[in-house]
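Notes follow the structure.
Naming follows writing order (A, B, C and D), and every chain is counted from residue 1.
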Amino acid sequence: MEPNGNKVLELSEAVRSLVNPGAHMSLGGFTLNRNPMAAIHEVIRQGIGDLHLYVHSNGVGLDELIGAGLISRLEIAYGGVGKATPTCIRFKKAVQNNEIQFEDYSNFMMTLRFLAGSLGVPFLPTISGLGTDIVEKWGFSPEFRRSESKIPDQKLVVMGNPFGDWAGASKVLLVPAVNPDVTLIHVQQADSVGNCRIEGLTFVDLEQAKASREVIVTCEELVDTAELRKTPERNQLAMFHVSAVCHVPHGAYPTACYRHYDYDPKYLQDYDRAAKNDNLYRQYQQQYIHSVFSHSEFLDLVGRDRLRVVQADPRTGYAVNMKRD
Amino acid sequence: MSGRKEYSSQEIMTITAAREIKDGDIVFCGTGISMLAATAAKRINAPQSVIFFETGAIDSWLEELPLSVSDPRIEYLAASSSGLVEAFATMQNPKTGSKVVAILGAAQIDKYGNLNTTSIGDYFSPRIRFPGSGGGCDVASFVPRGIVFMQHNKRKFVNKLDYLTSPGQLGGRGGRRAAGLRPGGLSVVVTNLGVLRFDPGGEMFLDGYYPGVTPEMILGHMEFGVDVSRAVEVDPPTQEELTILRDQCDPERLILT
Amino acid sequence: MEPNGNKVLELSEAVRSLVNPGAHMSLGGFTLNRNPMAAIHEVIRQGIGDLHLYVHSNGVGLDELIGAGLISRLEIAYGGVGKATPTCIRFKKAVQNNEIQFEDYSNFMMTLRFLAGSLGVPFLPTISGLGTDIVEKWGFSPEFRRSESKIPDQKLVVMGNPFGDWAGASKVLLVPAVNPDVTLIHVQQADSVGNCRIEGLTFVDLEQAKASREVIVTCEELVDTAELRKTPERNQLAMFHVSAVCHVPHGAYPTACYRHYDYDPKYLQDYDRAAKNDNLYRQYQQQYIHSVFSHSEFLDLVGRDRLRVVQADPRTGYAVNMKRD
Amino acid sequence: MSGRKEYSSQEIMTITAAREIKDGDIVFCGTGISMLAATAAKRINAPQSVIFFETGAIDSWLEELPLSVSDPRIEYLAASSSGLVEAFATMQNPKTGSKVVAILGAAQIDKYGNLNTTSIGDYFSPRIRFPGSGGGCDVASFVPRGIVFMQHNKRKFVNKLDYLTSPGQLGGRGGRRAAGLRPGGLSVVVTNLGVLRFDPGGEMFLDGYYPGVTPEMILGHMEFGVDVSRAVEVDPPTQEELTILRDQCDPERLILT
């Protein structure tokens, strides 16, 4: 694919061609903001399994993939949706029932691991986590690590500071680079060749995308490249990092997309209720994911009235006075 | 207990934590009551403090209370919005790092102020799984000062953490330095019964108890003992503090119940 | 100084209070774009000397400080202005005549050193430069390094990859953090408390500012904070990184400031002519720096007609069809 | 010499280099004639190539020819503008790194394609000081392919560099790997007389000579010898190539003289 080639694809086609069983995948967004929900639902719809997943702080997207039984291994810093859902329910169940292999990191460690991947270096240093069980407890055994070429032989390495006490550090923790096979992100604007503009917080999306071999972008608006090129400094991701561009309005729903729509507290509460019961949860995924053919059909099922409720107010970028308790 | 008062235990916890924040502080803010305390401080006693989030929003005004550190409400009228790399840099660079105060919660705490937000039981097949570190381990590693919110009971104030997620004073005196961390870290624990701090040896002691609470009651809610000889009664929230907290910080009652 | 305190100062006052003799200073901008020229001229006007300077690629700003005899030690990747001036002339003379101590790095190494400083880590790794004289030849002796607490004991450290051949690297070069005492940058917009917006290329300005103990910002426009806060994602530098905000229109002249003005080829050519001759150069600095009291007087001396010539065209952000040969 | 032809030696150098660039290449561009060659390739033989600069501009159109990699002309209609961290990441990340082609110049080159852009004479008190590495050492370390522009004479094609600024094949076969660099690096040298490449042992050989030039003339302009047995005459620039180069790439004659 040439850098400026047309990368516009149907989401189902993009997922079919770029997400393979056993893939190492990472998800953009953060807890309840800009999760690539449409792409995640499509992965579930296509039943692409045995995935090795990398996230920093993720919420319902992570939880739905685990709930669908598609995640074999998970490297994670946080699985929750803040006050609404302190701990993701299917994530919690899967860990407590030994249904997945998992390994814990901190948000900054995962951030540095994606940044390292984007810079082509094997590791980056930090002082975060020295003396904690994050360093002591490895989710994947040394044997498994040696047998799996896609993950490093060590989880983390502590070493003395080769520059003496420079910067006041006697030791550093080295965190290894992550280079996912594929990363899913949702952005506000993209053009047909893959130049992307994220409005508001970028989280770790840019580092995740640049560290990744393939990147599937879903966007609220598919815009003319000439329009984006008027202010190049607002296009944080250039076309050559992107594999596929899929135009999926409300592609982050039920999580938020700044200046477009808010998260949907009602959907998330209903989701939690279903997630607590295995039968209800099977019914939920059957009804909202497997029984629909696209994100647009999903939104019809949810009801356009919900989309009106979460629609962002132009002044603030979120839904002012929306009922959230 | 709090039913007999003009304020709830949530309210005295929030106000007690807010009083720890000073003008000029840069407040790293977690979710829930942490956010409420930071908002209260900015509106009551520390208007010149700056609230920021690990997700990258700096000096958020919080016209509405966010329910998560990624809630779009933190972006409205922020001084700057970026990403996690930039946010964590704020806690470590020479100009801003020394002014950062963290506010966090945890599932377990030990007498050295180390925190567990990962799991209860064996790590690999836990009895209860929690969300994990998030940015907790990072801020606890980086900051010179920090506030921890806890519910006071024996299952939470434990002799040994099931998992050490976020470093406090680690093994006690010199523990942080030995591990390679800078001095400082979490410095005060605010609970539903009182306030605890750490002595130079890195051990927790009782600094204050709320009206109607005794040091003995507090010791009865902890698996480990602490020195209570320095403890004094905490000033209850004033009517003005309560009014601002209820009417300006959480009018929707998203956190306050 | 409280984070949201008013930081607006006269440039002369900011330089007097924040740049001390012997300071370790870094300069923002890149060769002929957004050099903090007004601030540099003020440092020269006040004769603040024995400076230890850090730059990646810098041009006339660097050259004027060296030409004024204020730089004792220099850590640098590139001293030139591209095709116009392949090598800065006073820099070249000073090195050839052993008038300064200097140490060479690459642009990416200097970039990583500032990034490390901004992240509070003692070093960052790269594979750049392995096997080169940049690693072998140290500008500062080990003895001097040990005697000077503001620089690390080693220039660079080569080590094996602790994660085996992870990321395809057998070795890495560790570059030590730089934390300057003070950094000078010029931006398009700032508010009175120090929130900054850079339009177009940011170069390494953000990492340099965040790594620095004190930061002097000169800005084209001093704007209302409420205006900047409407789009927080475009304000790359938050108030608490900044020590002083100085409103200095054309503060980067004779270098460019995107969407405001272009570099001035005529000024730069005249500068080169003067720089080649010691007497002419003394006269030049006497006339254009010491004989004026402010950047505004300097611009009057240059002539407002030159400012019209370099004025940016709104479509392109530079001076279209300006005579440049 | 070039006076007797319809094209200057600058022009055949530029076109010869431009032909090395293919659709899909991501071209890391230095200053001067490098920029002209990248622009020519995009307008003549590789419209689907992407030009980018270490300063952070990606896919610049270059309506006017920039005089430096920080010239604001590189920002106009770029796909993305950022900074040096992001630009250098492009040369190293798994998706884009393998497609990057560098174009550079140098003051000295040795038979392994190592470059000197720092100084002539002793490093500490040089006879001539040059600007230094800039991004040269970085791109030469990172890229799988690269083009070097040189003037062909004995002071520039030397047995030993006064300073090794940017790595070529270092000591020859396996040199990069032994030092910790990935294979690849600068792969072709375009001069005012011809074109040189590197054999599997990492040694330079003569690949082509311009019309009117002989291998013997070229050897006479080098301090070290190279194999000339594979050398063939380079196709001169076509009229169409020259027209586009002169009229569209450098109408102001900023580089072309």
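The definition used in the following text is that a residue touches a chain if its C-beta (ideal position, glycine included) is under 8 Å from a C-beta of that chain, and two chains touch if they have at least 3 such contacts.
All values derive from a computational prediction rather than experimental measurement.
Just to note, of C-D and B-C, the chains joined by more C-beta pairs in contact are C-D. Here the CA centre of subunit B is 57 Å from the CA centre of subunit D. Chain centres here are Cα averages; for subunit C and subunit D they lie 28 Å apart.
One inter-chain figure worth recording: subunit B and subunit C are separated by 40 Å, centre to centre, where each centre is the mean of the chain's CA atoms. Between the CA-based centres of subunit A and subunit C the separation comes to 37 Å, rounded to the whole angstrom.
Counting partners per residue, subunit D has 57, 75, 81-82, 88, 142 as the residues that reach two or more other chains. Contact of a single residue of subunit A with at least two other chains is seen at positions 117, 119-121, 127, 169, 172, 179, 200-202, 232-233. With chains as nodes and touching pairs as edges, the resulting graph is of another kind, matching none of line, ring, star or complete. Chains touching one another form the pairs A-B, A-C, A-D, B-C, C-D.
By the touch criterion given at the top, residues 31-32, 54-57, 63-64, 66-73, 75-76, 81-85, 88, 118-119, 123-138, 141-142, 163-167, 170, 175-182, 252-255 of subunit B touch subunit A in their complex. Residue ranges on subunit A touching subunit B, taken from their complex, read 29-33, 56-57, 76-84, 86-88, 91-92, 95-96, 98, 104-109, 111, 115, 127-134, 136-137, 139, 158, 168-173, 200-207, 256, 258, 262-263, 265, 312, 316-318, 320-321, 324-325. Taken together, the subunit C residues at the contact with subunit A in this complex read 116-117, 119-127, 152-154, 157, 159, 161-164, 166-167, 169, 172, 174, 176-177, 179, 198-202, 232-234. Of all residues in subunit D, only 23-24, 26, 48, 50, 57-59, 75, 77-82, 88-97, 99, 142 touch subunit A in the complex they form. Within the complex formed with subunit D, the residues of subunit A that make contact are 2-5, 117-121, 179, 193, 195, 210-215, 225-226, 228-230, 232-233, 235-241.
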